[in-house]
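Next come two complexes, and both contain chain A; in the first it sits with chain B, in the second with chain C.
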Partner chain A sequence: MSVVAEDNSVNQSYKYVGTRPVRHDGLEKVNGKARFAADISKPRMIHGHVLRSPHAHAKILSIDTSKAESMPGVKAIVTASDFPLPKKDEGFPHRSKNLIARGKVYYEGQAVAAVAATTRRHAREAAAKIKVNYQELPTVMTINEAMADDAPLVHENLITKGSDKKEAKPSNIAEMDFHERGDIDVGFAEADFVYENEFTTEAFHQGYIEPHACLADTGKDGRSEIWCSSQGHFMVRSATAKMLGWETSKIKVIPAEIGGGFGGKTTIYLEPLAVKLSEKADRPVKMVMSRDEVFKATGPAPGTKIRVKIGAKKSGEITAGKAWLAYEAGPFGGSWAKLGGWCIFASYNIPNVQIEAYEIIVNRPVNIAYRAPSAPMAAYATESVLDHIAKEIDMDPIDLRIFNAVKEGDNQPGDSVASTGKYPKIGFKETLEAIKNHPNYKIPLGPNQGRGIATGYWFNIAQTSSATINLSEDGRAVVMTGSPDIGGSRASMAIMAAEVIGIDVNLIQPVVGDTETVGFTDVTEGSRATYATGIAVVNAAEKIVRKVKERASIMWDCNLEDVEWVDGSAIHKDGKETPISLPEITAEAKKTGGPLNATGSLETKGHGPAFSTQLCDLEVDPETGRVTILRYTTAQDAGTAIHPSYVEGQMQGGVAQGIGMALNEEYIYNQKGRMENSGFLDYRMPVASDLPMIETIIVEVPNPRHPFGVRGVGEVGIVPPLPAVANAIHDAVGVRLREAPMSPVKVLKALNQKNGANG
Partner chain B sequence: MIKVILGTNLKNITNGLDELEVEATSVKSLIAEMDRRYPGIADALQSGFALAIDGEVIANPGYEKLEEVSEVRFLSPIQGG
Partner chain C sequence: MSRIHVECKINGDDAEFLCDADESLLDALRDEVGLTGAKEGCGTGDCGACSIILNGNLICACLAFAPEAQGGVIETVEGMADEDQLHPLQTAFLEHAALQCGVCTPGFLIASKSLLERNPDPTETEVRYAIAGNLCRCTGYDKIVRAILAAAQEMKQNPIIGDGL
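Now for the complex of A and B:
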């Protein structure tokens, strides 16, 4: 790895920030002691199993549970009638509609009933005895099918939200969004070269190794405790309470370790079912999904169809950008195309822009966020078109992007407005320059080898975070936050606290508190944990420093103003007293005012947008169409890397997943709308042997709104690989793949078409 | 007077207007005034929204003071992975 740092006052020299201590939870993870949700058991515990729809679209005429109820070991069964009718959908992702089918199923795998029994086998066998009478309905599986004039309607009365035309006719278009800036016609008229093309992607799953799992223990007092794997246990609490019609405070959620989320665990599936089964059975209930259930019933990222048209002058100046985006939005809608529209031209300073986005209803699982949701597909289109333009005007593809790159003060896009304001300080251009100056950009390529460049943008999120710091008698600190650790954030929290308090990072124990021991914290999503929760930790640590200085002044019987805090010790500013270390102060805490603790809790603002530029070298086998990644280099603006190893890990993980999107991953359905590859043998994700070492360049242009300059790093790395791979394939063999995944079959087909055309 | 920029879903309620001038001292009073002029706006926002207040994106808006603010842009709810 390498680090490119900008000379900036925020980027000062730190003692702990920027170091690479062993993660505090590392030992437990490698020796198997870490407890994931499926590892947790309780006395008298029974097991839940969900009966899921075999149909992609059907009316439920009746459900008969009588036979299942009489099966051995069965303790409880729930159907939709056990849950209150949803009052109103509270924004995406339509969790209440998705929890359990009510009168109709909208996709294969949708929950219809759930059984709790003494063993998993008993629960599974009893579920199979539940008799559900379905009336099958025609399915709509793709954007093209859903938008056809004669398409079957998934919802009979759905009128497109946001349509300027005031469509009175129901359709499968849930929502449309339109916005523009400048004059698109003038922009294209000014261009010397205009290129337009259409790109499609298939649905792909987040692919976390740990399936969804939870354990619920509901008492006769009407309270329930839930142990679960999620990206936000406060979200689990509030969403579960809403679906049960309970008061939020009657539920306590204890976060288990999480075996991957990538956005897919920002919602719930099992928890209300488990709570209700536990209430009915008066026993703790554990539920664990199979991989088949994870694929069929939990959210993939949407498939898309995107058309992009860009006009540029011979100088490289982009004069206009026009985009038409359609994103699958599962059966209940979403804001996926809007997010794509937000990101599609975000990296470039384009004066004339027009964006039209459509959310398309299909009989597929409810889509859920996947790392920079919607952005990779948008980048696939834009970055492929730019690659074509660079070749047409004979300009280096990085120079073309540098020429047009957004910088501080340029328009920052929004989803349904042309701009949300001006960009703050960003490091996009620096990522482009870092790749251009890297030796890998100049390595000669062989036959059938190609090089691709692409960039990515993600806006990042701030939101609400809480942290509490408790000092123990021996001067060590426990830093408790409400952010589940999905990417090494505990280590980052410990480092930031260490930097402020001035004690060694190994004297700090970072923990993730449950919903009753730490303040409310939003979901770990949007690359927000190290940014927002980090600010909460810094605030709490600063309060701790003030408090220990007060205690030192009591011990010295001097004014607080005479006490300075240096490297974890109190120093009398006139040198009159012998310095007192933190352990000496905490040891005397009972005599100087009691326990030492502090809380930081705030709604954060000022998150910095993230940018990444990536370089892909690959080789295409013209006989088989197989693509082998030879080298991959990624440069990303981290603001300040608190723990560089975990920044690199995020960058590499994003690239690996993005390469999977580019080359292999896709949901495959049969004619009946049933998924045919719901396992890792058939749903091909990249494994270590498929990839070279992904080289990282951490660019540090500090975010002035964070005490240490942090901007989120968790998502943007997944945005460029799709177009970077596509551009490299084009460079290698001269075919532009416009359908992802760019699997060997598609590559070979494109090569044959090209060779046929040439022949 | 605050310049208010509306997204597509609110433009339907404002008869196609995507920019309003509104006198308000807080997000709460801003929405109340918009809803008074164009009934249905408050309802439409019930399913969630975000704001950009003078360029600063607020994920969970509701009670922000707007005394010194010149521009408010309405966005869809924000979600990340």
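Now for the complex of A and C:
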């Protein structure tokens, strides 16, 4: 179902926007022909294999590749000495250190060397013959270990960014962020009720089904072509060039289909290794990660420890919010905690706020974005505390949130992320009301069953996008963009182009161009593709319309002002000419000025923040602690849904991943800092039998800064499930789970503690 | 090390390939035969992205040795459509938007084809358990389950004749 805001007067008259055509790339994806990175091969191709560190923290005393070099089929070996010393940390945090270890390994699975050989087996066997002498160092695996007074230092001279440098001494805290508004003490003094608690989450992985893969072909001319799966091939090009010390334009990246990313493919791991191996071997080199490598060397989202204190009046008015956040960043830092701090109270008008966020260095893989990065863990704390407060003041949990919900003109946190500092038009309250009015909110519950609600916020981002439209001789349009299609965005681009040009969506061919055929486009992240690349497409399509009108005026020998463009045809204003269809114009293009094409390329601004409200009904088995999700309903403000099926798909996918976070998923390490569950059997992602249907309510409060009102829909859906599940468990059996994942062991332990206390 | 010569039927055609004794059937299909529809998501039989049908049985191709295919009959996603006519499951997946990135889709199609051959009229729960060996990280399974149920209805009304081989 969908809910359209009453004051939305613009989106009622669309012909293609809001329809559900079969996606243009669908056929190839159901008949096995779609080419993902690992599916691509080249003549003379050889295979690369990465030797990875078995230790979580160790000095590399020496690397001896001589024996490996003499192994059968070996064509090239690379180590850190084959790559230039990083000038400084360019791009994403410490990419160069993460690419291949230089003198030290910081986590189990970090790349140490890579081999290319004629077969995968030869590469693997040769890599095993590389002799690396390690001197093991003490490991720091958790926030508590890292922040202890006597903690071993992962970096001997790390001074906390954002701290008072004069007093600072080296620690495992990479960054701290502090901000406040109002007077926190006054705020809590005004409250009738104050509640504070601490929540922890373990690291979890994006869990895309396609492991990272690439194929590089480096020529004698010093240029390289890379086929790979990523969320942004322009990012792959620039990051790979930097790692190699090359000029960016020496590299061409051709995007393969991407088998899921969720933020995890917004960086590079293999590409510079493959380019270098290919250069040395003078052969194309393919590299494909195993699932074990994906778990140990890519991803995850940080484990966290978050303390939240909220004060409210009996009326429900929140007077103060205080938060302390620590995020496990991996070995090189990042800004995940800061991001969590910006999100943690973003949904509510709280006059007095104080937030402290700490980025913690641990001997774990380098964290990378995972769908609304940092926000789900922050929401776990805030939304659990609000649930408690609603019960204490005997107020409906949705009413409490509606009472305090942010609206247009209120402060938006995170001044470097938000574009204005004030919320633009948003649809948060509408999502709350949609859930409150949904029949699922009133279904009676049985014994051991509970109902939880929670909300989520995500910034969304804008950035740079490009699109080129070429009209073919037969009047069809090829719409080329630089955004990898990670979940149906080709269809969205085609729909928006069809709407502007006025031709059937099936006459549009949407394609993803490589780095040499389409203009620069930022990574598909921050829920930006349909928003920002969509604007580029609309921009190009509007230029196309202008051009075909010109051509019609030439064909009619009339003034341009006399030509109108209606449903894909030129119409003379006075009706004195027979209308000319687009195919008639393109067929005559040679005579009227040449081929018809247009480009839209822009730095977009004005992304719309996203909100979601979710309702979870579940049952707890008191014997085993197992939680079964009975019903799940999610309401999300999409702005305008271009292709509602894929909007629903994003909402449902986010919920399923969030339920995985809530109930099952976690990185488990042993005493030596080695991961013990680096496969899908033991890292338990939700399967079909774990989930019910996920009911979606698309709320449409159009984003005034997009021609069709789009705001990003990809990420925010993952934010509420953690607290929604926790709140439902509390409703079902009266225990508040403050450690995720809320696995049967933890639920049972909490039930036993409660029953013990009662008995 | 000499390689093993394997003869079998793949998607109705006679096929042959050379493989190592310990090579997985998945690697042989992808690297030796050139059928890359089946994907490797884990290599340990946990994700189902490499689902194929061997001698009528749904298997993870990553868990079978390639020489086991000798004399066998293999069905992969590439053989699901009959000429230009898509299998009802393929059509249903498209119409229900039951794929996002699409990398798990070949495995789901094969697993659900196998289900409908065994049980032409499954309940939602039966569908969910039948595809519980296939991981999808994009969709939350909702639209996949709906597509399979819809295809089952379609196939009851319009049975496929001479399906597969």
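Operating definition for what follows: the second predicted complex is superposed on the first by the 738 of 759 C-alpha atoms of A that agree within 3 Å, B and C clash if a C-alpha of one lies under 4 Å from a C-alpha of the other, contacts with A are read in each partner's own complex, and residues count from 1 in each chain.
Assume contacts are C-beta pairs under 8 Å (C-beta built on N, C-alpha and C of every residue); 3 or more make two chains touch, one makes a residue touch a chain.
Bear in mind the structure is a predicted one, so any value in this text is a computation, not a measurement.
Engineer: Of the partners chain B and chain C, which touch A:37 in the superposed model: first, second, both, neither?
Structural biologist: The answer is neither, since A:37 touches no partner chain.
Engineer: Which of the two partners, first being chain B and second being chain C, lies in contact with A:512: first, second, both, or neither?
Structural biologist: Neither: A:512 stays clear of chain B and chain C.
Engineer: Is A:685 in contact with chain B, with chain C, with both, or with neither (first, second, both, neither)?
Structural biologist: Only chain C is touched by A:685; chain B is not.
Engineer: Looking at A:715, would you say it contacts chain B, chain C, both, or neither? Reply first, second, both or neither.
Structural biologist: Touch status of A:715: first partner only.
Engineer: Touching A:22, do we find chain B (first), chain C (second), both, or neither?
Structural biologist: In the superposition, A:22 contacts chain C only.
Engineer: Output check: A:179 vs chain B and chain C. Expected answer is one of first, second, both, neither. What do you get?
Structural biologist: first
Engineer: Looking at the overlay, what does A:320 touch: chain B (first), chain C (second), both, or neither?
Structural biologist: A:320: touches no partner chain.
Engineer: Considering only touches as defined above, state whether A:338 meets chain B (first), chain C (second), both or neither.
Structural biologist: First partner only.
Engineer: Should A:603 be classified as contacting the first partner (chain B), the second (chain C), both, or neither?
Structural biologist: Only chain B is touched by A:603; chain C is not.
Engineer: For chain A, give the residues common to its interface with chain B and its interface with chain C.
Structural biologist: 206, 262
Engineer: Quick check: in the complex, which residue numbers of chain A touch chain C?
Structural biologist: Residues 20, 22-23, 25-27, 29-36, 38-39, 121, 206-211, 257-262, 288, 290-291, 486-488, 643, 645-646, 648-650, 652-657, 679-681, 685-691, 693-694.
Engineer: Which bits of chain A are touching chain B when the two form their complex?
Structural biologist: Those residues of chain A that touch chain B are 88-92, 161-164, 166, 175-179, 206, 262-264, 266, 335, 338-339, 369-373, 412, 414-417, 419-422, 458-464, 522, 525-528, 603, 605-607, 714-715.
Engineer: Sort out for me which residues of chain C touch chain A in the complex.
Structural biologist: 20, 30, 35-44, 46-47, 49, 76-78, 80-81, 86, 90, 93-97, 99-106, 109, 124-125, 127-129, 131-146
Engineer: Under the touch definition given earlier, write down the residues of chain B that touch chain A in their complex.
Structural biologist: 5-9, 11-12, 16, 46-48, 52, 54-60, 71, 73-81
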